Amino acid sequence: MHKSIVTAALLLLVPAFAAVAWAQDASGIDSGDTAWLLVSTALVMLMTPGLALFYGGMVRRKNVLGTLMQSFIMIALIGLQWILWGYSLAFGPDHWGLIGGLEWAGLVALDLTAASDYAPTVPHLAFMMFQGMFAIITPALITGAFAERMKFSAFLVFSLLWATFVYDPLAHWVWGGGWLSDFGAMDFAGGLVVHISSGLGALAAALVIGGRRGRGMPTMTPHNLPMTILGAALLWFGWFGFNAGSALTAGSLAALAFVATNTATCAAALTWIMCDWLFQGKPTVLGAATGAIAGLVAITPAAGFVGPLSAIAIGIGAGVFCYLAVAVIKPRLGYDDSLDVFGVHGVGGIWGALATGLFASTLANPDGTDGLFFGNAAQFGTQVVSVLVAVTYAFVVTFVLLKIVDRVIGLRVSKDEEILGLDISQHRESGYTILD
Amino acid sequence: MHKSIVTAALLLLVPAFAAVAWAQDASGIDSGDTAWLLVSTALVMLMTPGLALFYGGMVRRKNVLGTLMQSFIMIALIGLQWILWGYSLAFGPDHWGLIGGLEWAGLVALDLTAASDYAPTVPHLAFMMFQGMFAIITPALITGAFAERMKFSAFLVFSLLWATFVYDPLAHWVWGGGWLSDFGAMDFAGGLVVHISSGLGALAAALVIGGRRGRGMPTMTPHNLPMTILGAALLWFGWFGFNAGSALTAGSLAALAFVATNTATCAAALTWIMCDWLFQGKPTVLGAATGAIAGLVAITPAAGFVGPLSAIAIGIGAGVFCYLAVAVIKPRLGYDDSLDVFGVHGVGGIWGALATGLFASTLANPDGTDGLFFGNAAQFGTQVVSVLVAVTYAFVVTFVLLKIVDRVIGLRVSKDEEILGLDISQHRESGYTILD
Amino acid sequence: MHKSIVTAALLLLVPAFAAVAWAQDASGIDSGDTAWLLVSTALVMLMTPGLALFYGGMVRRKNVLGTLMQSFIMIALIGLQWILWGYSLAFGPDHWGLIGGLEWAGLVALDLTAASDYAPTVPHLAFMMFQGMFAIITPALITGAFAERMKFSAFLVFSLLWATFVYDPLAHWVWGGGWLSDFGAMDFAGGLVVHISSGLGALAAALVIGGRRGRGMPTMTPHNLPMTILGAALLWFGWFGFNAGSALTAGSLAALAFVATNTATCAAALTWIMCDWLFQGKPTVLGAATGAIAGLVAITPAAGFVGPLSAIAIGIGAGVFCYLAVAVIKPRLGYDDSLDVFGVHGVGGIWGALATGLFASTLANPDGTDGLFFGNAAQFGTQVVSVLVAVTYAFVVTFVLLKIVDRVIGLRVSKDEEILGLDISQHRESGYTILD
Amino acid sequence: MKLIVAIIQPERLESVMDALDGEGVHLRTVTNALGVGRQKGHTEVYRGVREAVNLLKKVRIEVAVNEEFVDKVIDAVVKGARTGNIGDGKIFVLDLPECVRIRTGERGVDAIG
Amino acid sequence: MKLIVAIIQPERLESVMDALDGEGVHLRTVTNALGVGRQKGHTEVYRGVREAVNLLKKVRIEVAVNEEFVDKVIDAVVKGARTGNIGDGKIFVLDLPECVRIRTGERGVDAIG
Amino acid sequence: MKLIVAIIQPERLESVMDALDGEGVHLRTVTNALGVGRQKGHTEVYRGVREAVNLLKKVRIEVAVNEEFVDKVIDAVVKGARTGNIGDGKIFVLDLPECVRIRTGERGVDAIG
């Protein structure tokens, strides 16, 4: 290396380190809470490859790598964006209730000697990283909407913009001290911030990019459902970190969220296969997996606010509403939200955010609020408004971003590339060999 | 929703929430122990999809989804059963040493403000959920016995009955304050409750349902052994939560159980491939995976009671006994325990439970008991009796339940459905596409 | 069993148990730290199957099981070696700075009533097991160098020797109180001990065993890249335990290592696909996965000593250097390091160990040391020397061991066996069925 | 009787099947195949090593018919498979002296349909 | 010489192979195939979307034999594959003017066995 | 015209393709196959149960050519595939009365190349 570069790098690095310095005996940091948050962070990280497999199994063979890649590379891309400016925008010092400032960009100015205000018993860096994994998976969720036809370069640019202009502001509003939290919106682990934002973004994406060629042909059959089941299992597993980790401590609140998460998921999976049985004559395995994801989505905003029986009710609702959205309404409307991101995350997220306003109870979580069914109709109103805000913001901004990227780069691969498949056309690789 | 339904639901939910309320400063709850138990719960949850893959890789292509589903759906089905009545039957207030009462059904009457008597340093809900994951995987283990031929509807009904009438009582007897624990049976993490119960249930199931059509043909070859290896790896990984989590605290006991678990598993895997080498000329990969599972099974009841060298002895025993059961005895007897649930879990569980009575040592765990080799022959006697009780109870009740379900619904798919495969006949799906 | 055997076994076991006895109230053991270390141990264990899949997807169909097996069986083989003598050699009482004594062989003489000096807040057994998982994965890493052509028996013998004569001494020198730690070598989680040792061992192995038959033919294409992506994801996930677990406590140091790990990985994955784009016209999915592993490798020695921006720099370096080694230099030199163990682990490990000497900062970790960029050129010198030592030792001893094994057993399968594939020739199994 | 073997692009299978059905030819056997033809292949890259892939995915259809259906089948396959681009594929027509329906043991013209 | 191509149900492969061996015909080549025939397909459902699957799994066997073995092969295949249900499959017999054993370069009748 | 079908060992595919190209024959269709021949199979073992595997992996190549290329193709395949060991494979030559290029509708000799 040239000396000048080294010196420049050095100067850049110094403040970061100053900031990172801490007292090992930092009072207030609890080893149990820290262990739990670090594990939860790892669990949430694993969800993105889980999602990659969940989606990858559902596409055609020729698009498997392209689909896996769209999730996998988000870890890398948003993982850096988060360190460099995303965390600062979302959780940095609040400006007018709308956005965090760039004061914490690159984590340079962070006071890391101790914990943050967000989570006083764990290292600030642990909280930052935990939140980072949420920022990573959210744009990855959207990729299901434009599966099998998006240009990789355009996808990268879009995702970076989306994380910056949709995710980071929304996260700030709800969790970073912004106006929606002042307004009273309840969102335990990301109904508004993660699922509504990605679900509505997905709807916008499906509309802007248009349907796949030759849709409806037998060859659209999932090429590898065991891969999808594995992905769903990893998502379920990781979601314990997502929801119970959002307690930010290892105590009764985490246990409540853990139980609510699992219970709603069970109920939703069973509900979905019952709908399958009713409408199609057989319970499907893809239905069980999809139902489980719908339940996980719906319980996300509510997990730390509701008891087990409410979780069952939320899970049943998720099963029914998402089933209807995916299996009944979508085929009629005819847009090609290829892997049902809107139907599962959009609809499930909306239901979950509203259900939080119905089933929340201070009996379950004394630090929470009561919902409509526990005598506090106002909270339901708050949830309705919050949902409308998130729905509108995510849909509109995503739509605009996609239109811009389409102008500048072009969103969609060419017809020949689509026939050839993303694996070869975008990545020059094949998922599987054919000859032995 | 109609208002009346809402009101009804509300009334139902209130007591649950009252119960769930807690004091955040609940004295006695340790964040480290809680972190460990929550993680362990997630790990044990992951074992069921791990099992799905372990089994799924061993069946024929046309049955892969049906096989994955039989494990996957257990999470949903027994996950709800556990909340609604299973936990109460197993761990609720004891009645005559035989069964827990329905007092805790739906968790409605649970005092969750603090920890339970079962695990005084963690939230009651965390203990409940941890145990729930055990209840889930146990009936899933049985599915290997009737792989590739069981009707899905009958399977659901049978599993629900089995969980209620076999698992819950046994768990109560051994862990829930029932008569076997008074009697002095030692079962650290489920030799009796999980492995003997499922292994003997599997034997009954294989006998009642009868063998697969065309057994012995080349096409019975495992269709995807890498899937099986992945499943075995996830099982091994999750088993750390199963066994070391059963310490219910994050301290030396958990560390001992962790080390014993890993060590016995290593010894059993090596033993199995040595048997392969000896009897068949080559060490097989499926043998390594099967041996590992046999070791995990056998160390389960002993994990918290024995030291590392004893763990090696238990692992070697597991390798030898299970190998003989699976590779030598089964082919001679000719019953079709398709994926060797009895040979691995039944035989491994019996060996482990007896070995606990041989190798247990208060030098290893001062809160445990000594076994035969440490001067306490009585404990071995206790273990023998406990094994006989569990073996008999599980076999007989499973047999009866299956006969009933066979009468009412019919256990087995039709001949045509069996030829077609479970995926299409039971679920109307295919695991993989054939045309690209 | 014969009584005499039982008695012999008993005598053997007693001291082990005496040693394992502990006081439950062992002062100094922290439940949060213990929870974190146990979880980390499980995470590191999962890395070996992750590696199996990472490698398994890259080979040809006929070698998939043989490749999976070479990693999988390491858990069993080295898992026992570690208990029986490996841990003692590496971490037992120091002799002349060169090796641990056999005093702790079989863990018989270990004082486990409390924690060890290595990690005073966790049970000694937990520390032992955590380190054991490192010992397991290191020889497994090497297997990529001789993929698709090594005789299984020779492989087992070689690995056992390698663990004993390469890994254990190196671990002792760096972490077990040996001369390299006295010398001042910094290696947070295994740049020298794990990656340089395996990377240089791999280079020696590739040279000794020679290239695969028919290399360069289309049929050398990875047979299942989704499997490789899954493997990479599990490695990434497990690596949080590897690096952040190496803090041995659940606090700010673990959080720092966690963040550095993820950040460097993100940077390296992006860097690699940028190189792909530049040199080959398209970003590849295998490149993203390979880049991620390169980043994980390079940050390993530095994880607990550097801040997030330094981690980005280290990640970029890993991406560039490993890309050059794998995609530019290797094809020119022409040796067949089949799955690029030297290019990724050797080169990445060297870069990481040197980078630790550049970017380490007491601002990041006050208990660490400053590196060159923070005014302490001496540390860089120390790192250079340490790297040279590790490189030389690992290369030379591996070379010698392989030559010996080749003489005695023969390293390589016959030409016919290689054409047939390892699965059938070494294990008498097939990975997949062909007929449905 | 003739055995007609057609090699087509995989994504044309649907429309070829529809075209055959349109001609009243309902029986056929389909296999995956790889073809090398005038259509140029593509390059794949694995860790910086380029690999020319000439074997492209194709689908192979076999249809056994009586003489009077031969032209119908050829026309239907051409209609369903033609895009006008290189790689559209080929049709091979073989003589078929005998044909047996396994279920009934029928032979020849009776067995083919 | 004739090249006999049989399309059969996958689960009958074993018994067809045994039947062929019984007739002293030991050489053959087998491929996976998908068949559309009189046998009706099934419906699959993915997230509420129904899909009619007509291409059913079959196995394709090729056996090249001298004339005197033709009927033996046909009989063996019929014996091994027949269940009496629709979908049992078909046998196609093609003329085979020439055959070469790669190993020895032998041609014709000598090469076939 | 002839349709030449060759069954070869999978690892010889490369050299057969090169040999064909060397003779100026660039078009072909390749499928996976399993062969039973004189080559003895192997035994697999799953949990102690032995299974004789006779169906060995082969590759099946189809090449349609004009008469004057027939011997060139046979020679090329033999050259590329022969190792002298049992299992090298077979070549079958079938008459091909008609051939159609789907893209252009050309028939016969014009269509084949």
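Observations on the structure shown:
A, B, C, D, E and F are the chain letters, set down in written order, and residue numbers restart from 1 in every chain.
By our rule, a residue touches a chain if its C-beta (ideal position, glycine included) is under 8 Å from a C-beta of that chain, and two chains touch if they have at least 3 such contacts.
Being a predicted model, the structure only gives us computed values, none of them experimental.
Annotation of chain C and chain D: jointly contacted by A, B, E, F, touch as defined at the top. Computed from the mean C-alpha positions, the centre of chain B lies at a distance of 51 Å from the centre of chain D.
The mean-CA centres of chain A and chain D are about 45 angstrom from one another, to the nearest whole unit. Multi-chain contact residues, meaning those touching two or more other chains, occur in chain F at positions 10, 13, 30-32, 34, 44-46, 53, 55, 57, 94-95.
Shared interface positions of chain A, i.e. residues touching 2 or more other chains, are given as 30-33, 35-36, 39, 218-219, 221-222, 224, 230, 250, 280, 282, 284, 286, 428-430, 434-436.
If each chain is drawn as a node and touching chains are joined, the picture has every node linked to every other. Within the complex formed with chain C, the residues of chain E that make contact are 10, 13, 30, 32, 57, 59.
Here chain D touches chain E in the complex through residues 3, 17, 26-32, 64, 94-103, 105, 111-112, going by the rule given at the top.
Every residue of chain C that touches chain B in the complex is listed here, in rising order: 6, 9-10, 12-14, 16-24, 26, 29-36, 38-39, 41-42, 45-46, 49, 52-53, 56, 64-66, 68-69, 72-73, 75-77, 79-80, 83, 106-108, 112, 122-126, 128-129, 132, 152, 224, 227, 230, 250, 423, 426-433, 435-436. On chain E, the positions that touch chain B within their shared complex are 10-11, 13-14, 32, 34, 42-46, 53, 55, 57. For chain B in complex with chain E, the residues that touch the partner chain are 214, 217-219, 419-420, 424, 428-430, 434-435.
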